[in-house]
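What follows is subunit A paired twice: with subunit B in the first complex and subunit C in the second.
Take a look at the complex of A and B:
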């Protein structure tokens, strides 16, 4: 079991490394994608600066906390898009029969499939997140908590993407649903928690777990409590387990295809 | 000893039926109708160790679906599959260590990497230690003659070179069974011949069992000793290549160049395929007329040249497909 896990990690590492090598073939595109993503994220600081010049508090968050929320969201999103990019394309992969190549290999199909390409602009998100932390709330402890929350949040985002994409096994083309849910997961993660009330808030702590990807991590960094870490850990495990269960249940219904395709 | 046993295997696909036009799309949206396509119907067969079998049939016959079930890609609706002692639906990962797959229509190599890097990656996938994979790459490099493009990115290789690399990638872990799904699709005749020679050499060297699907009759004729023909999801013939030719080759083709015209219009057992100037092409039904009788009718003294050949295998197979359609 341990050996199997070690071998899986080795192959996944190599797969990500090769995917990165592929993206680095074009130096200009590689560098510009990263820089423009940092700039794109930075633009939103202006929007919040204007808002906070009019008000001291938005949804219970100070300016610092909102920027930290942005940093957290972009870091979490960056990890998920960089390391697990294909989880966001999984619906298309299932519908076009591209799982065949992974199914004949003796490794975990889901992991192999979602780690076979990387998104370069996500490196910009990762860098932006770290910069925001360093500028507004830096300490070694906060950095470690930031990294831990980022990884847990990314696992949760990827799990949601896999669960929604796995619907394709039952309902065919579900790309639009998948894109919408994935969009909601990132868009709402950049607004202060306090502006959402009632049912929406329940939603964010259950089936659309922004609590795990954004709100609780901000609480962890602002006012550390072990109970928050426990919530994040248990929540992440539940979502990851659900993603594997959904995917493998659906895989039994996989119908492949004879479309020509290449690994490019 | 059988390495593959398939018993009463069936697989259906549910396909949405849509009438033509926008109206049809609306109808289908409101009240969708489905057709059940029986892709594979109750097929059974066995493959012995070291055998090279051809699994052939027209498009949509169910051959790829059958192969995909044997490799664990698709789950069957009913029936049993045993490949090297594993049930692909339950032990897909364990089975994957023992089999290799090449899908002519689907590339599995990273195109920006060199064949060497790709082979190393496949070595990691199959948990082969570094030194062992190096040794295997070296061995296969020689066998498949890859020297000249071993360090060229795959995207810059010709189709024939790529297919060779695909086959090598599928052999890195020394599979006991190799599934080749149309490995020569899109290749020119010279490259096809080369691939065939290499597959033959591999089968001889490693005793690998090969299950091949192809629409190219030459692939089948030159590589396989046994042929399974499927049509409409059912096996319509499972026999040795020798038997196939013996039983179905009850016709011969005579090409003759004559000095004078010969009239064979109403002769039983002889079908005139071509009669132009002094060139004659006949199909002789050996059940009704022997070759020597046919030659006597032509009169050897009246002949300038003669060539007697078998009916092309392609034609035989087409006729079996047609019989299956009836």
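Take a look at the complex of A and C:
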């Protein structure tokens, strides 16, 4: 079991490494994609500067906390898009019959399928996240907590993407639904939870786990408490388990296509 | 012109087949409006408060209109399509056909946008009325003026995104330029009216795309004024002509240096 997990990690690492090398063939595009993504994210600072010129706190967050919220959202999004890019294309992979490629490989189908390419611009998101942490308050403790929360949040985002994409096994073309849910996760994650009221807040800590990907990490870094880490850990495990269950339950319904293509 | 109208019509008809996709896209629009509704309700502690000349309801109506214009556009798809056409060499199929690629992109994308903008406008107006229980004071003539300004704004936006996509002739991937453009429009043009920015940069913003593609139509909707209407329409027409000229120039320059490998 341990050996199998180690082999899987090695294959996944190599898969990501080759995908990255492929993207680095054109150095100018590679670097410009990263730089432009950092600039793209930085544009939103203008929005918050204006809002904080109107009011001293927005949704109970200080300006520095909003900076951290953006850093966290960007970092979790960056990890999920860089390492697991294809989880956001999974619906299309299932519908077009491209899953055949992965079924014949002697490794975990889901992991192979979602780690076979990388999104270069996501490196910009990762760098931007770290810059925002530095602007908030840099310390080794904060960095470690930021990385831990970022990884857990990314696993949760990817799990949600897999669960929604797996609906394609039952309902066919669900790309639009998957894109909407994935977009929704990032849209809410960049606004302080204090501006929302009522029922929506319950959703943030249940089926739309923004608590795990954005809000609790801010509390963890601002005022550390073990209970928050426990919540993040348990929540992430539940979502990852649900993703695997959904995908493999759906896979039983998958019917192959005669699509001939090569993975290069 | 007839052939472009035919392209517009066929894209419109094709999109009628995908009404479900458009309806699911409504969810994203509703969510954005929901977020801004909450945000502005938080910022305006008293609904009768006036900030920078806008009441809370005017601010929310402003966002409803700018979001209609932006979300119905599908700019990312258009830019990606043009980039892919250039990078993959597919553009050669268009070069050999008896139409101009710039106009083809414009009318084809207008066809895609028309149905979306129509449906999202209905939704946006309903959301505004339900949540705000108030509609801006508009006459039939001013409604027609706002619609004309919105149509021009969408057309200019498509041409500007086409220009960005055509940059692919010179660098491999023009998508990052689109990210910056979209953030400029979203952050500076969609969320806040120009009056919220420092006075020193307001005159500069009047000459930026933000003024013609989002601020202009939305401002007319929340606070219509005939003098302002004439000014916005004139600037929009000038912008459209210049943008079309630049798009053609980039296209012709790009096509001359195009190399496509057969296969």
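Couple of notes before you dig in:
Criterion: the second predicted complex is superposed on the first by the 261 of 264 C-alpha atoms of A that agree within 3 Å, B and C clash if a C-alpha of one lies under 4 Å from a C-alpha of the other, contacts with A are read in each partner's own complex, and residues count from 1 in each chain.
Heads up, the rule we're going with is that a residue touches a chain if its C-beta (ideal position, glycine included) is under 8 Å from a C-beta of that chain, and two chains touch if they have at least 3 such contacts.
It should be emphasised that the depicted structure is a prediction, and the values quoted were computed from it without experimental measurement.
By the touch criterion defined above, A:225 reaches neither subunit B nor subunit C. Residue contacts after overlaying the shared chain place A:55 against subunit C, while subunit B stays out of touching range.
Once the two complexes are overlaid on the shared chain, A:28 sits against subunit C while remaining clear of subunit B.
In the superposition on chain A, none of the residues of subunit A is touched both by subunit B in one structure and by subunit C in the other.
Partner subunit A is touched in their complex by these residues of subunit C: 20-21, 24-25, 27-28, 31-32, 34-35, 38-39, 41-43, 51, 171-173, 175-177, 179-180, 183-184, 186-188, 191-192, 196-197.
Interface residues of subunit A, counted against subunit C in their complex, comprise 26, 28-29, 32-33, 35-37, 39-40, 43-44, 46-47, 50-51, 54-55, 58-59, 121, 176-177, 180, 183-184, 187-188, 191, 194-197, 200.
Residues 7, 10-11, 14-15, 18, 21-22, 25, 98-101, 103-107, 252-256, 258-264 of subunit A are the ones touching subunit B in the complex.
Taken together, the subunit B residues at the contact with subunit A in this complex read 13, 64, 68, 71-75, 92-94, 96-97, 99, 101, 103, 105-113, 117, 121, 124-127, 155.
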